[in-house]
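In the two complexes below, chain A is the common chain; its partner is chain B in one and chain C in the other.
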Partner chain A sequence: MTSTSLMRIIIFILPIFSWYITSTIASNLNIVNLNGLKAQFQTAIKSFSDVASLHYTLGGVKELGVQLPDSHCNDIKKLVDKSNVESIYHATEAAKTLVNCKLPAEDYRSTLTSVLQSDESKTADIYYAVCSSVNLGLNIDESNIEKRLNTLAKTDDSILSQAYGLLTGAQLSQPIAKYYADTINDLVQQADEIDGRILQYEGGIGTTAFIVNSFYEVAEKAGVSIKTDPKQLIKFATYFSSKRHVATLRSAYYLTKVFKHLCDNKNPVPIVVSRISPSAISPQNPSVLVSITNLLGQPVGEMSVVAESAKRKEDGVVVISKQKLISKASDFSVYELPFYDTKIPRGFYTIHLTLTARNEGKLIGLTDNIIDVKVTSEGTIENAELIVADRDHGAQSKTYKLTYPNAQSDKLELDYHQKLTVKFQIKDKQSDEFMPVQQAFLRFTNKQSKKEIIYLAEATDNGNSQYKVEVDLTTNANDFRYQSDKYELVLILGDSLLQNAYEWILNNNVHLTFHEDSLPDKDYKNLYLPRQEIIHQFREDEKRPPNIVAFVFSTLALLPLLILLILWLKLGFNLSGLPLGLSPLGFHISHGAAFALMFFYWKYLDMFQTIRYLALISIPLFLFGHRVLSTLAARREKKA
Partner chain B sequence: MSQLGQVVGILRKLNDEYQMSTPKKLKLIDAYLVYVLLTGIIQFVYCLLVGTFPFNSFLSGFISTVGSFILAASLRIQLNKANQSTFNVSPERAFADFVFAHVILHLVVMNFIG
Partner chain C sequence: MARLSIICIGLILFVTVWSSSLNIEGSSKRVLVLLDNLAIRETHSFYFKQLRDREFDLTYKSSDDSNLQLVKYGEYIYDHIILFAPGTKEFGGRLDAEILTQFVDAGGNVLVAGSHIIGDAIREFAGECGIEFADDKNAVIDHLNYDVNDNGQHTLIIASPDNLLASELITGEAKKVGLPFLFRGIGMSSDSENSLLLDVLTGSSSSYTANPDEKTLTEYPTTVGKRTLLVSVLQARNNARVGFVGSLDFFSNDFFQSPIQSNDGKKSAKSGNEELAIALTDWVFKQRGVLRARNIRHYLKQDKTTPSFYTIKNDLVFNVQFDEFVHGKWMPFNGTDVQLEFVRIDPFVRTTMKNNGGQLEAQFRVPDTYGIYKFIIDYNRIGYTHLFSATQVSVHPLRHTEYERFITSAYPYYISSFSMMVGAFLLSFIVLYHRDEMPKTKVE
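Up next is the complex of A and B:
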């Protein structure tokens, strides 16, 4: 495959691929937690620490439709810092929200002029100065400011600076505002996309809300609409609506402003589609109720809502196709889809909805809405048996047939050479098939200590899902800690697609007897307490026999020496042939010295020293020995 | 009964033969061998009674008796005139070997006795 044809294929496939990616991701919009925002502002009203909080709280509360009394005007005048342009900005904005709060413009004129003229000022400072001047009714030189903004745009191209530029443009004349409104799309392209679902700017929720708010403000002043791809707006909206709580007042204020813009009919309005009925469909709850509102939970007018398909998650079986939902509320915010039907099998279903607006409106997010429901069914326990068998002779067994919800009436006695087996099946009432369940347990509860021992029931893999659980009283005895006691036997069944769960007491009086002595329960609390201190034990000396025994045996070992001397004397041992002279003497002395060295080696010396001394002694030993022996040999020769 | 009598008779004959034909030198060495054997047996019995601690001491003592026994036995063989044909070594040479080997044996035993 040549590279050009490969390129062509990629160019064709990639857009289709990305379209599929973006179009099949459903909008995860949630309705805004307005109460949370309100509460946040209301706590802040109680005490103000700085003029910025005043601005955000008063502004936020005003956006939510509550008018605050003019007494806050004094708070503003107290907290404002006349030499700081940002402080002045917050003060004037806060004053704007009140009915009658006039700030002394002359006090701030000098700071504002100096900021506007200084070359050090950043885009934010320019914005604060311009906005404050407009709020206070002071004159500003628009062309000069426009020039300043253009210079700043060349040096500082961060997103925040550009946003401040937009906001400043919104305070100036309409042509300037229009110029900035045209840059909105570029700014949107600079946002970060996460997971293909969310668009955000670096700096978190507050900064993103601030920037998006600036788009709306400048567009409003320019008299144009926000010309961005609706999908991008939805991604922003997803990001905003995903936060249930925000940390700062600034974030809360700008979020409130953004939500109001997103619900304003002049702008594109994202639609929130959510299920308000319970997720389980059953004969008692046969329909799916869907609410269609904007982000603030307000109705959006008449719609035609169609369920394109309802597919089962497991195998993709389609049970509903192109069915129209019925409007249930007078403000067209709730729609109903009858779902329950005996022919629909149990399972998890995904419903795709498509909305069409009746009136011409700027609603977005109308396609690709997904509702998840599950169809549950009633189950029955069938063919339940309790089998008591002997461990070794498996053939000898007693089977008790059980029916839910009856328990066994008489007590059950089991001891260590028996095993207990429980078998059962669960049937789906609707489809008349045996079904597997997610939870199937057999529980023994010790009636005295209330300790629970739970075993898992496992099913065969073939279609009829026969469950079996086996408890052997010898192999499983340690689970019970060998405590022979009265137990209660309960079967627990549950499944997310089963309407009813089961906790069936099979027998209330089971006597278990184990072979070994019972062990106490493991005290799990003790695991985290300090353990017993281990005191180091030095190695104990080996036991030795008493001194008397050793002494006796030592003398006993020397006894044979006596016997030897006696024997030798009897045999006629004599020293008559002993040669006398230097050599014999030397020989005997060096020989004795060698053995004396052995003694010293044992007591005092080490091997190296001994070897050296031995080498020293062996020279005379050898010499004298040789001489003595040759003398003896000569004597012998002479005799013979 | 007669078997026992036979055994006793054989032993007595052996003893007489031994007393008569063995030279004095060899008898002296035999006495020495008996002495070494007795010492070894006593050491072994002690070990059986009180256990093997300290094992190295027991081993060195026991090996010393065993080694001495072997060296003395080989000396006896070499000094026996009946074996003159097999060995061509003078009695003095045998004795020198005996002393030399004993020095080494005692060195090793002393090292191991601990």
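Up next is the complex of A and C:
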């Protein structure tokens, strides 16, 4: 890749990157969300799971000026782990916040001394041990600890470790603290700067707040002020104040401490300049109110506030320069800049404020404060008319005059031969000029399906910004999917520089008729609905004659047998030829059995069973039958 | 031989790369969180904390991290992806729109948040899902519903819960609670041909998407009115879920905690963002609305046995157990609109199954047309995974012995044949033994 193409990529990506950063970070310092922090601690008070959160909560609440009852002392004693130096540290720190909570120093002495003497201990452990010892009133060997810290500083030069070093220094005597306080500036230089606006350390809000807090602790002990560029302090403050909500109690605790330090008059105090009036400047709200406080929202004394300039964003026209703001409150926390003036045209403006403190304090961030406002104008809709014209004969048109906010009372019927035109103008009430708006929509809402069809009104080019929208019911029929139905006709006008947007119902009852059949709306919702149940239609049974017919014919079928028997009785018959013996008996039994089998076949058996039985029966039938017939034949031969 | 075995191993590896797919239900919770910059971790910490409380295993990566990869040793190393990186033009490492699409094809779930600016990779991925984001620097504008904290451009809009999808599974209690939502970001439009997309939250009928810095609209806006999609979701055919939210700020701590005051003075102590964001994430990451079917059983109603085939006009019973995955546990499903179809090319029977504690049952008579049938359950409801189950059975015609035997109308035939048999039996005596010469002799 050549260097030029690389360059091009960088040029291409950079604006996007920087845009994103600026969009996430507020432009000025903000007043801290103290209530959020307070609420966070108060939720935590309800139940404690470990001694660390106890420490952070009690400490945080105390910083916010609430004294908690000593009953929490029992929680501390219950949760502390005597063999863990970190736990002891948290316990002693938590106990310190309570009025009367003494922890038994002897219980912890062995753990603390062993940590201080061990070569394994890290800077953090040393700090925990030293701080606990100080809290418990135990003696410590300062020179030894200092030596130990110096050796550790050589092996571990991480920022966090250095911050623990500072905190330890803050617990020791003043000269040692002073030595550490001199290193603050080096640490500040190690912070990451993002977009030239904020400074932070790797590890996020909790770590940054912890480290910055350590600067203040050690500087306080050393009795010096933090020797660093105020601009960098402002950048830290910007970072802290942009964090409206933090996730952990630890972050919340250190953030609270840092805010207290940043608002302490002994230290350089960053000034928060914020607009407290709405951003829109209008006749009802003609001036800009600016609050000037410290990060916690407390007043910082009298000062003179000058609006260096107010520039229109789009073209850079300066409308105000060097105008002094008027103090509006006795504690000098609110200042007013009269802004609304017929001469100032509507638009977005940026106001640069410069502050000069009356009494020379340690206030920082007095210059380059920016306030964004916009001047809106009240509009009126004028010359609104609704024209229904024939497509082919433009001359045959009907014009209805409309006045905001009245709707047409009569229903409006339109068919595919016609077209609908709506014309209107928007006038600035103050300047009497016609003004353009960004949103000028004509909306049809199908009253049944609630489907919306929106047309854009376009401004004609000549200076009076006449808006016009034309809906031809033949060429635009597809937008409506040819759904001839009742519609609601609404005009929506809106602009960020218009004081109020309009949603004006022109006619609540418009009947549209199209020349083709309506197309259904595409709606995939019915894919998700249960489907129509299907009950199978069975083939109907063949119709059968009534039972009586079967009965009659059954009787008729029996008749021949009856007639046979009657006739036989009448004619007479004999069985004189019956030979005696076993074979005729066997023959007739098996003959009858064969017929009986047919009955069983019908009633119970299937074909294969029947054939099997028939085969069995047919053997005696054949043998006996043969015997009987041969006997009879022999007898006949004898006779003959 | 050695070379052959190497080729075999290579082939096996290749196959595993292409066949690796992810778990369908949400029991595995490895989430990759891609961020434009790590500061988002802090500005959105409440959201991420809620996810961690739900035992999601979050891995934060900067979207331009050069070591980004989804697949390691042929296996996906994440089940879900959160893309909170609207400003990223191109992802670092081995990640682009195509790989994301493959991830979804393998069953992975993705949650995407947009902003005023949206990178090409995300645009392309959204395009694959049928979502089109408006052009860069555009924003959803609503001059009639904006919050008082708006910067003047009316882009910090208030979305009404009336325009929220009425599905408890996807939107949780957000609709019932009725808190309005804060939204600052870009609008989307969905492909009208894509039936798998659902509009979760739309703008009001006065909203539109345009560049707020333009004085007048030079062309028709990308989205207007209620067609301005703020939140939409896709459930792919493999039940992978993808969520699109036009606003990254929607998930931020500020929006979660912020009270709302609209331009016309309506106030609300809290926004509904948190409720909706968490419910939506739960749904997208398969903690809600996942179904499975098991223990499919069908048998004759008469004797409760399962034959190898059914005969026409049998009465049969079909049984199936439905379970729903609710926050890490399989619970009995209690929907009452599951339908069973008995299909031979066309459905012959479609019946709604009775639900008895997750045990669904249907009873019906087999149609009088024989052939190869399928029991089909095609359960497709908003918010649930698409559950399709087919079980094949054959239906035979009646055997020769199974026809009706004793038809009343046929009695004349039965009787005539039996009377003929009786006649024949009797006649055999006469024919064999009757003698004319001795008229005195008489039987009976």
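Following the convention adopted for this analysis, the second predicted complex is superposed on the first by the 446 of 640 C-alpha atoms of A that agree within 3 Å, B and C clash if a C-alpha of one lies under 4 Å from a C-alpha of the other, contacts with A are read in each partner's own complex, and residues count from 1 in each chain.
By definition in this document, a contact is a pair of C-beta atoms (placed from the backbone, for glycine too) under 8 Å apart; a residue touches a chain by one contact, two chains touch by 3 or more.
Predicted model, so just to flag it, every value in this text is computed and none were measured.
Looking at the superposed arrangement, the partner reaching more residues of chain A, out of chain B and chain C, is C. When the two complexes are overlaid on their common chain A, residue A:Y601 makes contact with chain B while staying clear of chain C. By the document's definition of touching, neither partner reaches A:G581: not chain B, not chain C. When the shared chain is aligned, chain B comes close enough to touch A:L614, but chain C does not. Looking at the shared chain after the overlay, A:V549 reaches both chain B and chain C. Of the two partner chains placed around the shared chain by superposition, chain B and chain C are both touched by A:L564. In the superposed model, A:I492 lies in contact with chain C only, and not with chain B. Legend: residue contacts after superposition of the two complexes on their common chain; A:S630 is shown touching chain B, with no touch to chain C.
In the superposed model, A:E533 makes contact with chain C only, not with chain B. Residues 544-545, 549-550, 553, 556-557, 560-561, 564, 568, 572-573, 591, 595, 598, 602, 607, 632 of chain A touch chain B in one complex and chain C in the other. For chain C in complex with chain A, the touching residues are 36-43, 45-46, 48-49, 87, 89, 115-117, 141-144, 148, 150-154, 192, 195, 205-206, 208, 210, 212, 214-217, 220-221, 224-227, 253-254, 256-257, 313, 337, 339, 341, 347-352, 364-365, 367-368, 380-382, 400-401, 405, 407-419, 421-426, 428-430, 432-435, 438-439, 441-443.
Those residues of chain A that touch chain C in the shared complex are 13, 16-17, 19-21, 23-24, 36, 194, 204-205, 243-247, 278-280, 348, 372-374, 436-439, 441, 443, 445, 452, 454, 456, 459, 492, 494-496, 498, 501, 503, 522, 524-525, 527-528, 530-536, 538-539, 544-545, 547, 549-551, 553-554, 556-558, 560-561, 564-565, 568, 572-578, 588, 591-592, 595, 598-599, 602-603, 606-607, 628, 632. Taken together, the chain B residues at the contact with chain A in this complex read 24, 27-28, 31-32, 34-36, 38-39, 42-43, 46, 49-51, 53-54, 90-93, 95-96, 99, 103, 106-107, 110-111, 113.
Listed in rising order, the residues of chain A touching chain B in the complex are 542-545, 549-550, 553, 556-557, 559-561, 563-564, 567-568, 571-573, 591, 594-595, 598, 601-602, 607, 610, 614, 618, 621, 625-626, 629-630, 632-633, 636.
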